[in-house]
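Take a look at the following structure, please.
All chains are identified by letter, namely A, B, C, D and E, in their written order; residue positions are counted from 1 within each chain.
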Amino acid sequence: MTCDAPAAEAGTGSTPWRSYGTKRRSTRTVRVRVSAALVAVTVLAVLLVPPLAQLDQQAVDLAAELQPPSWAHPFGTDDLGRDLLLRCVYGLRVSLLVGLVAALVATVIGTAVGAAAGALGGWADRCVMRVVDTLSSVPHLLLGIFIVALFRPGVVPVAVSVAATHWLSTARIVRAEVLSLRSRPYIDAAVSGGASRWRVAVRHLLPAVLPQAALAAVLMVPHAMWHESALSFLGLGLPAHMASLGNLVQSARSSLLAGQWWPTLFPGLFIIVPTLAIAGLAGAWRERINPRRRSELML
Amino acid sequence: MPEQPLLELRAVTAGYDRRAPAVRNASLTVAPGEAVGLLGPSGCGKSTLARVAALLHRPDSGTLLLDGAPVRRWRHRAPRAQRTTVGVVFQQPRLSADPRLRLTDLIAEPLRATGRREDVPDRVAELAAAVGLTPDLLGRRPHEVSDGQLQRACLARALVLRPRLLICDEMTAMLDASTTAALVAAVEDYRTATGAGLLAVGHDHTLLKRWCDRTVHWDDVTSGTSGTSLEPSVPSAM
Amino acid sequence: SAPGGGADGGASADSVVLGVPWEPDTLSPLLGYGKDGNSKIFDGLLALDADQELTPALASELPEVGDNGRTYTYTLRDGVEFSDGEPLTSADVVFTYETVLDEKTNNTARSELDAIKEVRAEGDDKVVFTLRYPYAAFAARTVLPIVPEHIAGEQDPNTGSFNTKPIGTGPYVLTGWSKGEKLTFEANPDYWGGAPKVRKLTMAIIKDDDVRATRLRSGDLDGAVLPPNLAATFENDANKVTYEAKSYDYRAVTLPTANEVTGDRAIRRALDAAVDREAMVERILDGAGRPAYGPLPSNDAWFAKGVERAQDLAKAKDILDRAGWKPGKDGIRAKDGLRASFTLFSPAGDKLRQDHALAYASDAKKAGIEVKVESATWEVIEPRMGEDAVLAGGGSTGDPDFGLYTTLHSSLAGNGFNNMARYDNPAVDEALDTGRRTQDREDRKAAYDTVQRELAKDPGYTFLTHIDHIYVLADRWDGLTTQVEPHEHGFASGPWWNLEDWQPKK
Amino acid sequence: MGHPSSIGADAVTERTPVLSVRGLSVRFLMPGGRRVAAVTDAHFDVAPGECLALIGESGCGKSVLASALLGLLPANAQSAGSARLGGLDLLTADEKTLGRTVRGRLIGLVPQSPAAHLTPVRTIRSQLEETVAALTGVRGRAAVRAAARAAAERVAFPAGHLDRHPHELSGGLAQRAATALALVGDAPLLLADEPTTGLDRDLVDRTVDELRRHVDAETGDGTGRGLLMITHDLAAAERIADRVAVMYAGRIVELTDARRFFGSPGPRHPYSRGLLQALPDRAFTPIPGMPPELGDLPGGCAFAPRCPRATGACAALPPVTDGLACHHPLPASGAEELRSTTPAPENARA
Amino acid sequence: MARLAGRRLLFAAPVLLVVTFGVFAIAAASPFDPVKAYAGTAALGADQETLDRLRANLGVDEPFVTRWWHWLTSALTGDLGHSAVLRQPVTQVIGERLVWSALLCAVAFTVAVLAGTLLGVLAARRPGGPLDRAVTSLSYALEAAPVFWTALLAVWLFALQLDVLPAGGLTDTASEQVTFGQVASHIVLPAGVLAVSQLPWFTLYVRQGVGDALAEDPVRGARARGLSEGTVLLGHALRSGLLPVLTLIGSRVPELITGALLVESVFSWPGIAAATVEAATAVDFPLLAALTVLATAAVLAGNLLADLLYGLFDPRVKFSDM
């Protein structure tokens, strides 16, 4: 046997190529596509159904109370005979608004404050962090109760109350990451390359903490819905006439004990499925911004 | 009057713990256009001294003069012009490269940071050629290239702002002979073109002798006092 | 069932664990606890029996009424002792009433005793109340529990420890109160009415209906107050008995006079005709209730026969047509550019009221009136009660005066939560006053009939339903009955109103 | 210590190789369907008691080759060929086998960027002790501690620095820590990727000698150990290596005896010659031109564009003869007798 | 480290002042009416005169600054005031209930941290694998599930269907003694539900941290050394990946308190958190102030602990930086 014969072809031809990563690429793209599709459907439903629907989601039909899913009412009816599908879509609209607004505001503020504190360091950092400590020591629900009470209950106060209490933890996470990143040699390199603090924060530190911030943001969406329904549970959240998913789930509890599953299941799915879809997209995005995963997935 | 030194370290003591400084009482000068080699055993504090010289590490005591002016502020607080006077190639390319940046961005980053965006395409192309990076490599991220390739990018980054003083902390430690020769040639070309000074830190006696106008040994720099608490490196076996 | 549970089915019929949705703020009668009777720790001079008739308790008999209904004289029962062994005297009674009437005492129900001019002890066993005006319903107010002066008198009635560690003459003695968790009682062996058979009583505080139902099912509780849909889930449970207590507890929509739409009598009458009370009872209350045509329930002795009215949409439309409310494009009527539309608030967190409100709105819409249902907290609702409709609830036992006067008399319009609709009807006012003043039962009946008929003609509220209170209990005792109950229930009212008389089944 | 290469070389012929690599290729799939052929068709053996030095310009695929042997390639990599270690094919072995029996135990690795390969939040001591406990039979706190200290001592890692975290170490210290960690398992095959970076001359010599000793030491089962040392430090390579493999653009272009490579007649491939000439104590001039892009290799000899001796024949891939892949090798005076004494496995197969 | 703790301790005093003042201020600004709250349901039948009289008696018309000052000065002498809502001295309220809240929170938190870490590590091992999918989906679902809801399901499942755990209270409703065994069995559900509500954060952050760390060179180095998969995961990936989670420990305390508040009320747990809402809506200043002080202390302690742990676990961060 000669060693010149096989040459290039030996490797490429006769023996098969063995891969190292598992073959997750295809399932991954499927997952991303499904997530994207779900998010799209959600957005469309939320935007289009209410204006198009001829039905009144508040329309009470006592004769049709608690009907299981049927063609007339695909999701069944609630205990006042209202169509659950319609209410779920309306609820999703409200809840998603609360969740997204809260998540967005909280993440932006939290990331900005945390990154600024961590990047500046010294006195500025200490002051900012003590303010954060101070604010975060007021129990969330308490602050939520007051904020909601000060204004009329509605989407904005609820979202604000969630955002106002939740940017703090994002800020802490981001700052801690920044603190640890700050002493990395590549930051030294940037400093010596003439980068200002701001530049270092925006160009080197912020991208590194984005995965954490993104996770915080995604988690905030369902959490905000949670908060909203917790406030409703205490009688302080969204007014009960506004269908929100939290309200729906919350008022369906006794039906569940009484053996009716649909008033719980569908609103529950309406919370979970979009959340998972958003999480799926965010996960894909996180992989995209993680340089290693990115190249491994050949993005 | 002799020419004013570009960089002068006077009795610098620096380290990470005030009780046991890594560098004790070190003095060193680099004149404009001069190439100084700094030799010393491993762990003696050379990199620390290099960080001090690059205004990245505040010394516990002693003075640092850049162009004859004493430096009082460090890191971010140092004026940008002062910071960018000195270009540094760090010892460990893996750690000193932001894993998120492509090599092009890595090289161009100082230009962008100092607001000279328009120079980016030309300068990057020019430097990439000088240090031997192909366009293919420029599009990759640090973990997708070999250590040597990354070090080339780091050299390009150090040169991109046309520093008047270049500090190379064991720049060629992990490079093969040909690449070493190529990079040294690149540095020398740059120096002849700009008249920049050089402080080359390393262990390789032969290399530094060949490369630099003057080599100093660590013991001379710290004038007899041992620079660190470290045991002296163990003499070679047998 | 529950591991280590001592309350397991049948194990010990001399102890009972009840799940109730709320607990009193205080256990001191001086601050209002037990003012309507049925306090297990205390007794009043009188008590109400199953039929809401007054019976003697600490008083040995019903009071003597003198001076044209201005003085009430009670003779105390002999040999009654507080659970600490001290005897009950007339001084305790005087102390109790005087403290309640004291401006400095934070008693919320003080105004109920407004009529009292003076309370005075005559000897050790006689108490005389002198009233400012003849007040026929006064005796029913004297179910107020009597506290021992020798303990409560030593303390600040507002903040003293008597609030949480009460001592009384009642059939049970409080042994522990863990706020938010439970209250525990033990039988008072020296109770003047005889030692109760059920020796231990635990009231577990479980706010959430669903949790209460679940804990009842798991055997952790022996009995609980439940909403109808959850009570229905126990229908097939052989070991559980369901009790439905009739009540004075009504749900009604206030129609404020100040609002241009609801202030219009035609609108009020149309709404009254348009609502389907039967459907609400059937669907919202799952049958556990009755249609309401006024504050008094239709099975009450004081109920004016003949004011019942079924849903009559045609009549409603007819009334509106005639009054000039013409249907608009969107089906909502309007008159002189004014849309027949108003806002109805339902208090947040109360699903029952919310359901009533929505059903009401949907009925109103059929008649061409738009009712915009909003839910909000009382803080939001209160300043707007004069303008906007509210889904209110209420109902008091004891005497028709208690419920009717405060809701309908114009002198109380907009006074706190009294007469929220600011109802103002001179005929009603006059009849209410008559009902108060005369002692004669026939005359009073006539007066209250007038009130109810007038109310039907000018419905300042749309009364919707009277709610039955539902209790599910383990089947281990005999002698369980229910009273007709007031709005507030669960803690004091319920099948356990006469717990001391229960007989464990053998 | 005498130079062991001749002894080692003799031994090579008798025993089965520790590592035997056949047709190893590694490529990286890049976005847009491009492929980076980092290693192409590598053939070589490492005999017991032998030290094979792998040299080549930066980016030619040396580290990737080492990673492939350990199964530590990233997910976008693909490999082909075989690499036998004992009865095991390293390239097809599953992750479990590699993790439980191969890494650390059968193959030790000194990674190229030692500081980056240490866990930043733990001290050197804890990582060393952990490795000792995992790989050796040493049990008991005190014993593990002592063994860890001894391991540090072996590579002249100062004991006073054991309690530091990786970021508190100088480059040379980190390098020594990594070497100490790699030596702990007493693996029959050691892959040392630039084990001497950042060390001063004395330490280089000491480290290299330590590695040599490691290779020469008799193993319990008498199979011997092998060392694949990737290095640019030709002085170190000269000191330790028995044979030298020169890699260019992912291919091994020359594989020859170390004495001949560094002494006379010297390397025969023009590239190897250029590499040696670039040394600071020689011409100190780089090989002209740039290494080719591995993502887009020319069809024939990859070195041709830079080769002073290139001819038209270079458009074809040069066959490997006598461990040399060149159409026009430099004359090898007196190569004959050397080859007859040390027939490398490749030659034997030829 | 001691210096950090000392500095934080010094700082706690002004924080407490600011927080209590702030709470007094917003409580005073809120539309909640302490009089109505005091009167409870009776307020709905009360006339104006009664409400006015109560208002005067309770002294709620004083400006909040005065009330805050009163509270502060008497609190410094050890008198925390009298809770109007609970009709008990605040010291007594705290004395009776704080233990139970603390117990509940501590158990729940420990469980959440441990279980979250475990699940996170397991999920990170094979990103995209079935276990990972299951764990992540479950985490997001749980994050969206309101606590009172999970609580009900837990009661339904464990107390009703399986009949293995008591459904609420501190002890069996009928029992009078508070015994260890009883508390132990009664705490399982509330603490479990509270833990489950905190779990998703920990799980997902650990998963992310470990997942990222697994792709990095140190783990590659550890693998190359031949360390077992467990050691690599726990000793290396987790050690680096845990860092963000450590910071979470501090910032999760407010969430924990929020959760405790709901859990306590659903499970009739005689803790102190459930009183928070009442205290707030009733504008019960003394109780509110005491609860805020407690919450603040808990949060500050949590943050301090987080920072200490962070400094200990990440040597690259200096205590002087924090």
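Here is the rule we use: a contact is a pair of C-beta atoms (placed from the backbone, for glycine too) under 8 Å apart; a residue touches a chain by one contact, two chains touch by 3 or more.
All figures in this text were calculated on a predicted structure; none of them were measured in a lab.
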item	value
Each chain counted as touching chain B and chain D at once	A
Minimum number of chain-to-chain touching steps separating chain B from chain E	2
Taking each chain's C-alpha mean as its centre, the one farthest from chain C	D
Result of counting contacting C-beta pairs for A-C and A-E, higher pair	A-E
Distance from the mean Cα position of chain E to that of chain C, given in whole angstrom	38
Geometric centre distance via CA averages, chain C-chain B, whole Å	87
Centroid spacing, where centroids are CA-atom means, of chain A and chain B in whole angstrom	45
Euclidean distance of C-alpha centroids - chain A vs chain D, Å	48
Residues of chain B engaged with two or more neighbouring chains	92, 94-95, 143-144
Of all residues in chain E, the ones touching two or more other chains	31-32, 148, 152, 156, 217, 243, 314, 316
Where chain D touches two or more other chains, by residue	74, 113, 116, 167-168
Touch relationships between chains, expressed as pairs	A-B, A-C, A-D, A-E, B-D, C-E, D-E
Of chain A, residues touching chain C in the complex	58-63, 65, 79-81, 149, 152-153, 232-236, 239-241, 251, 253-255, 257-259
For the chain C and chain A complex, residues of the former touching the latter	209-210, 213-214, 227, 229-230, 232-233, 276, 279-280, 282-284, 346-349, 351, 354-355, 358-359, 361-362, 373-377, 379-380
List of chain E residues in touch with chain D within their complex	217-229, 231, 235-236, 239-240, 243, 313-316
Complex interface listing, chain D residues touching chain A	23-25, 27, 29-31, 40-41, 43, 71, 73-82, 91-92, 167, 317, 319-321, 325, 346, 349-350
In the complex, chain D residues that touch chain B	1, 28, 55-60, 62-64, 74, 112-113, 115-116, 156, 158, 160-161, 168-176, 194, 197-206, 209-210, 232, 234, 274-276, 278-281, 284-287, 290-291, 293, 295-296
